[in-house]
Amino acid sequence: MKALLLNCSLEKGHKETDTEQLLDRSALNFQKEKVDVERIHLRDFHIAFGVTSNLNGNDEWPFVFNKICEADIVLLATPVTLGEKSSVATLIIERLEGYHNMKNKKGQHLFYNKVGGIIAVDGGDGGARVAVQSIMYSFSMLGFSIPPHAGTICGESLLNESGVLSAEDNIFQMTSNLINFAEILTFHPIPVVKE
Amino acid sequence: MKALLLNCSLEKGHKETDTEQLLDRSALNFQKEKVDVERIHLRDFHIAFGVTSNLNGNDEWPFVFNKICEADIVLLATPVTLGEKSSVATLIIERLEGYHNMKNKKGQHLFYNKVGGIIAVDGGDGGARVAVQSIMYSFSMLGFSIPPHAGTICGESLLNESGVLSAEDNIFQMTSNLINFAEILTFHPIPVVKE
Amino acid sequence: MKALLLNCSLEKGHKETDTEQLLDRSALNFQKEKVDVERIHLRDFHIAFGVTSNLNGNDEWPFVFNKICEADIVLLATPVTLGEKSSVATLIIERLEGYHNMKNKKGQHLFYNKVGGIIAVDGGDGGARVAVQSIMYSFSMLGFSIPPHAGTICGESLLNESGVLSAEDNIFQMTSNLINFAEILTFHPIPVVKE
Amino acid sequence: MKALLLNCSLEKGHKETDTEQLLDRSALNFQKEKVDVERIHLRDFHIAFGVTSNLNGNDEWPFVFNKICEADIVLLATPVTLGEKSSVATLIIERLEGYHNMKNKKGQHLFYNKVGGIIAVDGGDGGARVAVQSIMYSFSMLGFSIPPHAGTICGESLLNESGVLSAEDNIFQMTSNLINFAEILTFHPIPVVKE
């Protein structure tokens, strides 16, 4: 089983951002359950703007897209500005929406049987719910399945008074549910239903 | 298997609203798959305001709450004003949030293993996505599972140029996915996971 | 000049809620500038559900509506659940939207030349931006004018480490801007423009 | 008086997009009232990602930023995907938020006395309200003033059955209100208020 962790930070390079720290924690949870983890820091790749499935070779989107296609679980982590997901997260959702008419071999949406989760980091901004609402809805409309508690919001201080990562429990719960749903959908893929 | 259809219209009585018409269609899809359908027109019941699990007996919430507890699938249908879900839908989500600290026998959230879907009817208003985003997110945070395409938006005209219900395909797809997920969760309930 | 402060709490009665405390602060700011302040705790009135301008006399909406019509400034304060404004706030916006086709004597929207502000209190919930976005947009579409920083979000703790109301500065800034805009619109009402 | 029209389309070049067509209409309304109109098609400029006021000279943001500083009115037009504003619009809001701590000579926020408007074009997508809510809120929090009906939503067909631009009236009304507010704020700038 494969989990793809997409970091939608605005900065290039693997800096020690809050978003990165939360993905570290999440990756650990996945690996303890023997899930392969691939991480992509999106700003380190050139990805063109557009709502399109046109892989014209002028950017590095084909690499990212292949990783998404291979993954059973996609976990998107975004910083938050004025409550909103980052422009990099918006860009990725737009690119995925470019495939909304494409089908798999069974005639189902391309992203069926994949599971989606969200981490939103608001660094004191205090309004990450807008960001999670938006991404969760887009995931469902793109064909992803959403387990309970699939959105983790991380607020002002990542460390609580005891020096423990305050979002730790939420990330553990989300990660467990993502794995469980991905396992179920592997053995019981969504059936083709005709009216 | 049981599906509960909640009509969050602002009017009392089973008038021929668009919301009602779309729930009719949805009910038919459920029944063809031998799913028991219960419908509640919420405005016909007195439900008190509050974020509380306090069943003080002064309103008819206990009746509605029992129906929600018994259901495998909860489909919430709401009209839309200025893009937003109705005040009745907001009231119901607030009441459900009143249980966010309550656990089932296994120590999991009360609404685990239930599946949630949304119909938003915007009657020309053209902005039902806000409503669906909000309810879908609340469902996930309350412990519900969300299948792909779990939100159906119905726009200006419910009937297309050929006189066919334009949202019909979307409702069929959503209903199928809701049933499929409820079946899977019946046989493979979300496991108790401890860190 | 008149300011109307609408408390959209879910509880009846003037309890010492956070919402009430913030409206106290706001009222003080208005009164220091010689603005008349009227406060309505909406849950203490029976207001029917509906997107309608039909004042049928069976509820106490006419009283509230008259107060809104007389006010130069309307400040709506709401608690927040799962990031969303309260069902009482939703109900009031729906009632106001019932007048979207009504015009004043000049042929302009009924609420032109009124100024709108928002307080959202999230009591540790951490997501009040959704609530403010929603109400601000509705206000603008209903004809209200929105000054800079017209939304005040109050987070987990109303008192900071020094025991000072942390939202105090924001409320002062918002109140000043609301008064300034109301004054300007009194002397320079929005002109009737024809294409 | 100067109006700046920002096109947040994802495509490069001045193609005949719906967004462009609506900005044409808007520009005409401004010019008839003798307002200088400057238009920027943002995708034709290289603007770096970031929530920063750091004008490091490696991108063309200083050009865009100067135009924003000189403008009395900023009208932001965005296409819509899954209900959301474009990634280009998100990027611009993030860059502006980079200045949230900077003040003008009077000690007020940098964008005080500017007026903001929004056009969201949903090309059949049917959910532009999310986009308008988000941008309107950001504008207010950045210090812009928002007149009544400051958001124009353009739906599936830009032309109605009579071949007339259906959003024409809305754009005219918005443009008039933007001009009126900009004039008022020129003669009556927001006063410096101290507690």
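We call the chains A, B, C and D, going by the order they appear; numbering starts again at 1 in every chain.
To be clear about the criterion, a residue touches a chain if its C-beta (ideal position, glycine included) is under 8 Å from a C-beta of that chain, and two chains touch if they have at least 3 such contacts.
Everything numeric here is computed off the predicted structure, so don't read it as measured data.
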- If you take the mean of the Cα atoms for each chain, which one ends up farthest from chain C? A
- The pair out of A-D and B-D sharing more C-beta contacts is A-D
- Query: Any idea how many Å lie between the Cα centroids of chain A and chain B?
  - Reply: 25
- Distance from the mean Cα position of chain D to that of chain B, given in whole angstrom: 37
- Euclidean distance of C-alpha centroids - chain A vs chain D, Å: 30
- For chain D, residues that touch 2 or more chains besides their own: 82-83, 129-130, 133-134, 137, 141
- Complex contact set, residues of chain B against chain C: 10-11, 43, 49-51, 81-88, 90-91, 93-94, 97, 130, 134, 137-138, 141
- Note on the structure: The chain C residues in contact with chain D across the complex are 109, 111-112, 129, 132-134, 136-137, 140-151, 169, 172-173, 176-177, 180-181, 184, 188, 190-191, 193, 195
- Message: Under the stated contact criterion, what part of chain D meets chain B in this complex?
- Response: 82-83, 122, 126-130, 133, 153, 155
